[in-house]
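Here it is, the structure in full.
Going by the order they are written in, the chains are A, B, C, D and E; count residues from 1 in each one.
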Amino acid sequence: APATPTPAPQATQPAAGQVCTVGFINHLTGDAAAYGQSMKKGVELALDKINANGEKIRVIFEDDRLSAADAQTAFLKLVDSDKVPVILGSGSSTVTLSLCPKAEERKVVLISSISTAPALKQCGDYVFSAMASDDAQGPEWAKVAEYLKADEVAVMYLNNDYGIGVKDAFLASYKGKVLIAQPFELGAKDFRTEILKVKATNPKVVFIVDHVAEGSIVIKQAAELGMNVQWVTDVSMVAKEVIDLAGAAAEGIMGLRAGSTQTPEYKEFEAAFQKKFNEPPTIWADFSYDTMMLVAMAIDKYGCNSEGIQKGLMEVSQSYVGPSGPKAFNEYGISQGVYEWMVVKDGKWVLYEKK
Amino acid sequence: MEIAVHLLVLITIYGILAISLNLMVGMAGLFNLGLAAFYGIGAYTSAILSRNFGVPVGLSLLAGVALAALIGFIIGLPTVKLVGDYLAVVTMGLGEITRAVFKNWVPVTRGPMGLPGIPHMSLFGFKLDTAPFFLAFSFLMIAVSFILVERIRLSPFGRVLRGVREDEMGAQALGKNTYWYKMTALVVGSGLAGLAGGLFAHYMNFIDPSSFVMWLTFFIFLAIMMGGLGNNLGAVVATGVLMVLREGLRFAGLPPAVAAPLQQLIFGILLIIMTIFAPRGLIPEQKPRYD
Amino acid sequence: MDIFAQLLVNGLIAGGTYALAAIGYSMVYSILKFINFAHGSIAMVGAYITFFLAIQSLHLPLPAAFFLSMLLTALLGISVERIAYRPLRRAPKLATLTTAIAVSFVLDAAVMILMGADIKTFSLPVMQGYSIGPVLITPVQIIIIGASLLFMLLLYILLTRTKLGKAIRAVADDPSLAEASGINANVVIAAVFGIGSALAAAAGSLIGLDTNLQPTMGFLITIKAFAAVVLGGLGSVYGAIVGGFIIGIVENLGVWVIPPVWKDTIAYGILILVLFVWPAGLFGSVEEAGVLQQ
Amino acid sequence: MSEHTGETLLEIRDLVAGYGKIEVLHGISLKVQRGEIVTLVGANGAGKTTTLRSIMGLTDIRAGRIIFDGTDITGWSPHRVAARGIAFVPQERSIFPSLTVYENLEMGAYQLPPGEFAARLEAIYARFPRLKERYRQRAGTLSGGERRMLAIARGLIANPALMLVDEPSLGLAPKVVEAVFENVQGINREGTTILLVEQNARRALAIAHRAYVMELGHIRYEGTGRQLLEDEQVQRLYLGGART
Amino acid sequence: MLRIENLSKDFGGLRAVDHCSFEVPAGTIFGLIGPNGSGKSTIFNLVTGFLLPTEGEIYFKGERITGWPPYAVVRKGIARTFQLVRVFRNMTVMENMLLGPKHQVGENFIAGVLNLPAVRRQERENVKKARELLAMMGLERFENEYAGNLSYAEQKLVEIARALMTDPDFLMLDEPASGINPTLVDNILQHIRRLRDEQGKTILLVEHDMNVVMNLCDWIVVLNYGQKICEGTPETVSCDPRVIDAYLGV
């Protein structure tokens, strides 16, 4: 579709008294609740803006408990009982994947903020993701490695779809030698042996893909075990939790950030988030904020129905730039990633300045 | 409403699990915390056979049942000698090991990525690709399981199982080979769990290791304890009650800020209250009458 | 060999927290003969209380927060027993198991509502550990090992040297006979829950200090402690301690040779093997093993 | 009636009690005077054990009063009753199986001032030398008869004002039965009042000052031990016909 | 019927049974007596496979059964009771009784689930027999009561009745009379005597009630500290000074 510039949503008039009900499915309890709840905050922040001049959109938040069966229940409840035309889909790629046949069958738009499994490409027209596939991060890592002139590195990865995806993409595009590719488990709290194994190969640079809960522990325990290396993280670890836990040990860690923190959009978002929740933006909140905004714009354009939203999303996204970056959906309904290199300096993630 | 059909399908599937667990725990006293593993074995077997090798779904379902039962048998050989909570922890361990296999045997199970595109259930060439059709089938399956386990309960065989549950040494003193009784219960129970797993796979058309976690085992446990240990009807009814309670709270219109954890909180409190008022379950084990 | 020493110490660190958590578990088991699946959640609440007192609101010195949290968590444990378990004292044991699972739902959800689902950290300064011989260890980790040993010693004295200790064993054996001998079983049971919960709070807080806090962290503690208790022999408090350390060490050594994705598998594998040789755990008695079968 | 016309130590008035919904005692009344041995006999399932358990507070009481030494103890929890000076030797589950013999005795002396235990222990060992031999053995592995000895010793060591003894001679060898009945009389002479349930009714009635006969949750007869022993009806129904 | 050769059992340092040998001839009522803790119940447990002997052999119906698991021993035609009652507490009295008979068709999984006519027929017969035995014990009114809700002696009677249900060739009773009302004891004794006289069954009895032992037994073995100190007819045994000294008292 040709890129037609879309006005910012706050500039449009609310449709005459119509409130559009939108669904949201994410892990709001259980092991991964931290991420789901955080994404919920991003949506809430977006809603404040969208509904500033009278309520236009109402969101119903449902819990998938990180389970395909429960996600299905939530999906059917939203579709049958609340009659939503669009669902802000789950953070988990597997849950999104499990919902995608149903979404296609019922013609309900499913838009995930951060599902990155390459398999999402096969889902169909109604399924979107606002984050680039895992295969995009790997080559970016390879660029970092090249820049650091690291001809041998170690890789640590989380043993789930995401971690494996990023690791494989990296291995495919990296030219140097991989000393060890060490997996570890989601939900564990003791990674000392894994770290010792990596340490034993004497790497100078370690690439790590992980969720913050586990990843921050890895960095801390590694420091305690005397491992002085240049860490390079994936996008999900560029979060304040890593610095909170690893403290001084976090100093100098590099990481990829999806989108950009330097843009005016992000700065505005950051301030608004701080004001509303009294804390700096939590992880993925910028992505869920953007998905909500995109959906709102699509509704504005073609009304509160799924075909319209589907069409609208493709169109409005082309020119949209939000705090998490530009979101143009490609033919698979997946945004392309831009990455920013970040580094921890004086206890903060800041833009890495290439020499 | 499709959600009602969906919940009913899940209730029939979990109901079969409850019946299976009731046979093992409620009737035979085999404290099996590895239920989710057998469920998963049934699901993965049937999914892989039908999806990757084009085996007709009815056959693959049977294969899942058979493999779950077989693994129940192998695992049972050394473990049914253990008693009470020791058996619990061993089966729990085996459950976790099985899940680790689902998760890490990537070439076969696709590991954490899960298996999408599992074929729909079909019977004699007739495809059960809508939820109501599937419900009819899964209802038939739960009916069959229910009748089977009820028959066991009412038979002299079931009586021996209860004796083993009450006092294994005592049953031995009456000349009962308690080992084989427990073994049979374990094998039949595992097979039923495998059946439930197969149904789940062909209903969801997608499975991944997160569907076979220990929480599911706990949930089914809650159901059979709430239903009245040893009572099959109670187990199924309680599964329904718990599912409706748990999912029904979605409709309660709780404040969105805390809705999801609040649902969990309320669910927990209701469970405590129900247990305190009916500690032997909604429908306690019935005394068999002899006339 | 250096690596081996380090792995062993790492195992001790993990094992210390498992063991602390397992003690309370085992005490409750020995007295009420049911698996308190809420124990890990109680440990989690203890960790959050410490966090709340030391970091989030009152900014108490960490040791003060730690001990205050043990006290408050003890009260929580006692209340849980009073509300959710005592009414079921005469009911089948599996009914109590139901409420225990329900209590863990409630505690997890309550903490999530009150404190949020996000990850909390104590943000203690991180430093490279001291070298002791070939081994690196941090002060917090020394405290973890030290505290677990200290609490175990105190517990040993309590159980063997005090009247309460003997009363605990009597109630564990036969509550109504203990009552008829003049022992107030309710007080004894409350004391057990108090002590067990305080130790759980200590374990939870130490894990929290070493890593981070999440409302769902209790489940892992429950599972590890359960395995430790069974490995040691149900109802044997000392067995639980040994079991905790064994699991910690075996996990850490095992991952050296086997991919860590099989980490839990190793722990369970060992557990299963041990049970085949000693069907009632290392220090348990076969006669008592069957009690949970209603 | 009895030579102990002194004060009433224990009085049960119209007691209705049972287990949960099941009512076992349908309104029984009895009295024990200070210094007496009172025996309760009756067929199996008559409610003898339930009566003793009710006094200890181990059943569900629906109606009636239990007065001990001037205090109404109805509905008290068992540990308070024990602290008030009543010891109970149950019929089943009368020992702590995983504790050693010595520890069992310690538990019996839970209410005793710490200093007195050692002296009482010596007295107990003198009465039951077998227990001294076995003092470190886990009580659960004792033979049936050894368990009974331990149970009686456990009750005795507390030096109670009133001892409730449920079938002391159960499973004991003839020689030991002799000794137990002598012991009961000895304890009684030293000032402990005793309420005794015994299936070996001839022996029990012979040493009892007074006795009650129970049947299906009611008291049927009451009298001195001798009176009941000679009563034909009682003989036929409860003493087992013509056997010696 | 049963032959014990040089049987010993150690518990830690304690020798509960000490090189004991005796033989129970078929068709007799055989008494085993001795002071408390002399090893009588231990011999019961050794014979039925609940304990493994430290030393010695056990033969039943001419076959060596040392080391067999309990169910296998019992299946050869033994029924036993326990000194500390052992009923299935959460099962009804009738269910307890019906667990008695061995080799029930319906205890086979397939036959049980199919509820074959043979199964139903056998059940009917067993129920009838159970009712008769319960009537003899005065337990009719408890047929549908949970066994755990019975008084001590009532449970004991259920256990004895259940042992009789099994129609064993060899019946082992551990203190059947203790705690039982004397009137009822008479009934039970008569029944046992009939079993021997009319059906030629063999009975091994442990009992402390001398009335019972002297009236009933054909032959008696006396144990002390795990050793056989004498054996003989009731008359000879009861006059033996060693027995009087160790067991009977004056």
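In this text, contacts are C-beta pairs under 8 Å (C-beta built on N, C-alpha and C of every residue); 3 or more make two chains touch, one makes a residue touch a chain.
The structure presented is a predicted model; accordingly, all values stated were derived computationally and were not measured.
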item	value
Starting at subunit B, fewest touch steps before arriving at subunit D	2
For subunit D, the least number of touch steps when starting out from subunit A	2
Pair of chains joined by more contacts [C-beta pairs], C-D or A-C	A-C
Far-end chain from subunit E, centres as C-alpha averages	A
Maximum centroid distance from subunit B, chain identifier (CA atoms)	D
Centroid spacing, where centroids are CA-atom means, of subunit B and subunit C in whole angstrom	30
Whole-Å gap separating subunit A and subunit E, where each centre is the average of the chain's CA atoms	73
Separation of subunit B from subunit E, taking each centre as the mean of its C-alpha atoms, in whole Å	42
Sequence positions of subunit E contacting 2 or more other chains	90
Junction residues of subunit A - those touching two or more other chains	28-29, 33, 159
Contacts with 2+ other chains: residues of subunit B	103-104, 166, 261, 264
Every chain pair meeting the contact rule	A-B, A-C, B-C, B-E, C-D, D-E
Subunit E-facing residues of subunit B, complex	148, 151-152, 154-160, 162-163, 166-167, 169-178, 184, 285, 287-290
Residues of subunit D defined as touching subunit C within the complex	56-58, 77-79, 81-83, 88, 90, 93-99, 103, 106-108, 110-111, 140, 154, 158
Residues of subunit E that touch subunit D when the two form their complex	11, 14, 34-38, 41, 83-85, 138, 149-154, 157, 175, 178-186, 208, 210-211, 246-249
Of subunit C, residues touching subunit A in the complex	3, 6-7, 10, 13-14, 108-109, 112, 116-119, 121, 123-129, 136, 138, 141, 207, 210-212, 214-217, 220, 251-253, 255-256, 259-261, 263-264
Sites on subunit A touched by subunit C in the complex	28-31, 33-34, 36-38, 159, 182-185, 187-194, 196-197, 200, 212-213, 216-217, 220, 223-226, 241, 244-249, 282
